[in-house]
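I have a structure I would like to understand better, so I am pasting it below and will then ask my questions one at a time.
For reference, chains read A, B, C and D in written order, and residue numbers begin at 1 within each chain.
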Amino acid sequence: MSAAIPANQVKHRGRRFVWYLPAILITAVFAFPLYWIGSMAFKPARIVQNYPPSFRFSPTLDNFRQVFDSTYPDAMRNSLIIAVGTAVFSVFCATLTAYGLSRHNFRRKDNLLFWILSLRMLPAVAVIVPYSRMVRWFDLQDTYAAMILVYSIFNISFSVWLLKGFFDEIPKEMEEAARIDGYGPWKVFTDVAVPLVIPGIATALVFSIIFSINEFLLAFVLTQREAVTAPVALTNVFITTFGVNWGGLSAAAMVLVAPVIVFAVLVRNHLLRGMSFGQLD
Amino acid sequence: MSSSAGSFPPDNPQSSPESRYAGQLRAFPWLLVAPTVILLIALTIFPLIYSLYMSLHNFTLGGAKTWIGLDNYRDLLSDRSFWRKTWFTLQITIFAVAIELVLGLLCALVLNKRLRGLGLLRMIVYIPMMLSPLVVAYFWRIMLDGSFGVFTWFAQELGFGKPQWTVDLTLAKASIVATDVWQWTPFVTLLMLAGLQAVHEAAELDKGTRWMTFRSITLPYLMTPILIAVLFRTIDTFKLFEAVYIITQGGPGDLTETLSLMAYTVGFEQSRIGMGAAISWFVVVVINVLATLLIMLMARSRRESVMMAEVGDDE
Amino acid sequence: MRPGHFVKAQATLNVLAPQWPQGPKEQALAAETFTPESGIAVNFEAVNYATLEQRVKLLVEGQSADYDIYDYDSQWLGGFVAAGALERLDTDQFLGNPDTTIQMDSFFPEITSRLVRYPNNEAAPSEDAPVYGVPWSLNAEALWWRNDLMDAAPATWEELRAKAQELTNDSMFGYAVQGGRDADWIISETNPIMWGNGGELWDQATYTAQGILNSDSNKDSLQFFVDMNLVDGSIDPASANWTINERLGALLTGKAAMCLNWAPLFGGVADDPNQSQVVGQIGYAPSPAGSVTTAAMIGCQGTGLNTLSEQKDAAWQYLEWWQSDETQTAMIEDIPSGFVSARTDLQSLATNPWQTVFFEMLPSLRDMWNIPEYAQLLQILQTELNLAYVGQKPPADALDDAALAQQVVLDGSPDNPANA
Amino acid sequence: MATVQLDHIRVDYDGKTVVHDVSFSVDDGEFAVLVGPSGSGKSTILRTITGYAPIDAGTVRIDGKDVTYAPVRERDIAMVFQNLALYPHLTVRQNWEFPLKAAKLPKAEQAKRVDDVARMLEMTPYLHRYPHQLSGGQKQRVAMGRALVRNPQLFLLDEPLGALDAKLRVEARSAFKTLQRDLGITTIYVTHDQIEAQALGTKIIVLNDGIVQQVGTPETIYDNPSNQFVAGLFGSPPMNLFDVDVSRDQGVLIAHRAEFSIALPPHLDIEGLGSGASTGAVLGVRPESLRLQARPGEDSIAATVFVVEPTGHQLIVDVKIQDLIVRVRADRGEEWIATLTPDEIVHVTFDRRRLFLFHRSSGDRVA
């Protein structure tokens, strides 16, 4: 039962504060490398390899200037377009599919589900050459469309599996009620089922964006000029022949992850809810 | 309850066959599934066949392409270092996924409390998985450098001398696992947190049976997220590439080379894309076996958990 | 272009190049002088060096005419020629054309043959083999040393070893090494010693590695190198995973007293206060001598035409512009780009210490394999050298294993005379 | 308003027949209750009416129209589910407008209907809340309201009170009964709770194992259960049932047991049982048809008090006749009964006019 238990909450409040300790500890463990990576963006190149490591230094913004003076911002724009395109397209397809698989028993359903999963199993190395071929046949080399289609293949499997889990949790009565209320199957899907799995959709979108904004190998092969993505540009601009431009790499990484974080913050409430359909909720 | 062990996540336990007379509904599931199936068929059949074709050739990038049948596979399977790399990849996968699962679950249990400020901490914990694996690998490389890395400095300050994180074989393996754990535990945590939302606060009440509560109430709700986390982490870790390529370069020697790195160096750096494809197909087969085993295992343990959770329910 | 309008065809050349310090200068010069004169725009795309070779091969695989000019590294030559990526230039259309301004005999033959001619025996370069490019950038591994800690750079490997031991203390190692297993990191450290002691990697005439790579001399050389790390302790043990990045960093942060490094390309770095903590304290000397001879690792790049290019004439025009007096002079004088010209008549313009040291090493320059199988041979040797370097395998065994594995590759090569 | 008629419905599920040849009808404005234990098929029957369960044989008629194969949304049914199935992403008002939108009612009409129902259910202050912000009883009313707002011709309820606690249940039950009577909507209500069935229904359909056991008014079901199952299901505490051997002795039927024998009244007649022959049967007697006496009387049987359970003004007394436990409902008015303690000796008499006899094999009542 979901009935609130305020009395207990009050009683436990004192004790619940002890959770801050492990929570902060855990966060610190994850945050330290983040801090260190981030601090590189403000470090002058000459002290990056200092030992003992330099914790105190006068920060510089040169690295960010470098990032914005290079071809990197264009690549970032490409990455964002491709990532959003992939996310929208693949999550749209995956939502339909996951619902179909969750709500309806048809034969070979398990095989279909496993096949969708197995698409994720193929190492990029195996498909790079065939994809570059295909993309050339359709005259799509170096285009957003090609990247979105190819990335969607890798993303759909995760989204389908994730969303099927969410759809499975919806009590069937919720939809029966809507059908009795006079809705057809499509409206039941769009007006009842989809709103109930918004958390799942948000999660799938975030993961899809994370995947496609960071993918390297396929982008390396399938883009070269117009649609060059940020990770490829990173290696072209900041990982130079004779060394890594640590400051630039860090600044570029921060600039790249910023929109992902912003999006995650925007949908954070949905990321944390979900799969929660208690009997009376 | 789903009858076949292969079906997981299981079907909605309450679901019954659709009304056979709801004629319009018969086509509906197919309409829903069709776009994805058509897209996937259109975009995967050719690449799969072509990569299989490549693996049956002495196929070099910008070079000869001669039919050699199963020679690539034969050469591969008779190569001792290939089996060593397979075993290494498996080891890395098992260690990394196990640690990520346990750690991710612990983090989720801690971060699931409704306390002011925890939202911010959760957000910070999520960031590693949002970073490009390439970037993460580069920065972990310098943090782990045995000469000037910040982790080396920590170890030295704590009196452990200067550990050669990426040169000593055991430490190098641990470093690769640690990097993967750092980047992908958040993925597990996020999935677990979503699952935990369904578990009510009541589960906290009885201190004496906390473990039982966890086993019988919390865990069943988490079975689906756990399966998804383990399945996708296993698939992705088995294909681990960036961290190894950049942090240890597969070294010392090729003792920390994963199958994906092998496929990359053989297929790309050496331009022997046919052999690279053969290695990739081997990877696919292994992951298929792993995934099938996991799905069967998890389907069974989920059934048990669900049964435990249902004890005491009246219907 | 609207129909009916008579305008000069405005071509755009696409150049695919490594992300090289001299690149921006070349691009700026092209925009400044080449485009206005010729009416040909130049789109210069610089990509990560480590990915350039694969990108070109993939482009060839896709029959792409996207680029007109490919810049390439010397060891890729065989693979590129075999793939059909590079246009042969000793033809009437190009070098054979009486009007052309590029003359092969104006270049230093030692480098140029290794760089643009194929097939070509590395140990005994000929000047007759077909030509597939012109020189683009010239470098070699010189010895960079702390002139505030030493009076003179060691001249031999034995001297270097002794000096390194002497200079090693709590805060500094005597010598820095790129011992990593990837790319050609560790080979660049060991090859100069092996060659200097009279060893060879293989016999190119007979495609033999067995008995040559694992000769006693090479085994001794490798043992010598490994001992500097494992016995003397004069090299940072972390170097077993280092690339050029950490090796240079060790020198520039004062954690190492000597290392091999590329010159002239990197010349300016040590004196750039933004990147270096040892400004003014670095000297440049030729790679040390072995017991038999002196050998230095070559690091030269060429530039050639894509066979599939639809505007080869314009591209050739660009190469002529590139080798012109004005362009080459401007490049040499651009200090940060660290450039020397392959043209013999311009040697005197190179006056910086990191430029002149290159010409000192000119007679001793050596290269590794450049046949299409080079990457396989390289990775076999890299792996074994790295295992020996960290002490996982005795050096002698490592070379035996490498020779055995390489011989299998060489035996299977279609270019092996035995397979003819 | 509507009538519902089920004729020879059969439903198979996974190769097993879960509903056998079920027929019954519900008249206009009637409150019908489907009652039976878990797995008796009552929910499945309800779902044949909504159109959710696949019917393998038979017909369903609503208002005389065959809707066996009609799409769900054309049946003009409203339903309340056991888990309420409120839309958690919609407010109370939106939950209620949801079916009205499907019917494409004008906006003003939608608002009016919602407001009317809100007044009726006293939910007006909560129209802007989301389900998770409401108490259990309020959620229950939201579910009810969502059905009512449509002015349906047929109202189906699947254990709608199942999730409420005991006190709320009783309140909701009477509120609901009043509502149904005032609105006069034909209602079919599913429950496993016989008290609820008796309290609410004007017609009760008793189900077991997918078979209709009896259809009738609450009084009929209680007073004239058609078989042992129905007899055992209704009544609190339930009827005492004893295996007995029945034999005919000089035209009189006698039920024998080791513990007692009793002469049966003439209306309990097993036809064809010859004199001297005997047959197995089950004797049923409701706890209130037994009487306790302090002293032995005519036909009384001695027993020991085993357990005494006070329930308000009455007592449930379990007594033991030798080892046979018999449950008796007794009035506390008599003082000696109010002070009964275990192990006391009492004397039990059967009200012979209110004995039930069932065939042992079929369970059917001997009428």
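Methods note: a residue touches a chain if its C-beta (ideal position, glycine included) is under 8 Å from a C-beta of that chain, and two chains touch if they have at least 3 such contacts.
All figures in this text were calculated on a predicted structure; none of them were measured in a lab.
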**Complete:** The pair out of A-C and B-C sharing more C-beta contacts is B-C
**Asked** What is the chain whose Cα centroid lies farthest from the Cα centroid of chain D?
**Response** C
**Complete:** Expressed in whole Å, how far the mean CA point of chain C lies from that of chain D is 92
**Item:** Where chain B and chain C are represented by their mean Cα positions, the distance between them in whole Å
**Value:** 40
**Prompt:** Centre to centre, by mean C-alpha position, how many angstrom separate chain A and chain B?
**Reply:** 15
**Asked** When you check chain D against every other chain, which residues touch at least two of them?
**Response** 52, 72
**Prompt:** What residues in chain A touch two or more of the other chains?
**Reply:** 1-2, 48-51, 129, 133, 171, 184, 235, 239, 244, 277
**Item:** Of all residues in chain C, the ones touching two or more other chains
**Value:** 58, 61, 246, 249-250, 253, 255
**Item:** Complex contacts: residues of chain A adjacent to chain B
**Value:** 1-2, 5, 8-9, 12, 16-17, 19-20, 22-24, 26-27, 30-31, 33-34, 36-37, 40, 48-53, 93-94, 96-97, 99-106, 109-110, 112-123, 125-127, 129-131, 133-134, 149-150, 152-153, 156, 158, 160-162, 164-165, 168-172, 184-186, 189, 199, 203, 207, 210, 213-214, 216-217, 230-231, 234-235, 239, 244, 246, 249-250, 253, 256-257, 260-261, 264-265, 268, 271-278
**Fill in**
chain B residues touching chain C in their complex are 60-64, 145-148, 152, 162, 164, 166-167, 169, 245, 248-255, 265, 268-272
**Request:** State the interface residues of chain C toward chain A in the complex, per the touch definition above.
**Result:** 18-21, 45-51, 55, 58, 61-62, 64, 66, 243-246, 248-250, 252-253, 255, 262, 265-266, 273-277
**Message:** Looking at the complex, which residues from chain C come into contact with chain B?
**Reply:** 54, 56-58, 60-61, 79-80, 82-85, 180-182, 236-241, 246, 249-250, 253, 255, 372-373, 375-376, 379, 383-384, 386-387, 390, 392-393, 414
**Message:** For the complex, give me every residue of chain A touching chain D.
**Reply:** 1-3, 171, 173-174, 176-184, 187, 191-192, 195-196, 198, 277, 279-281
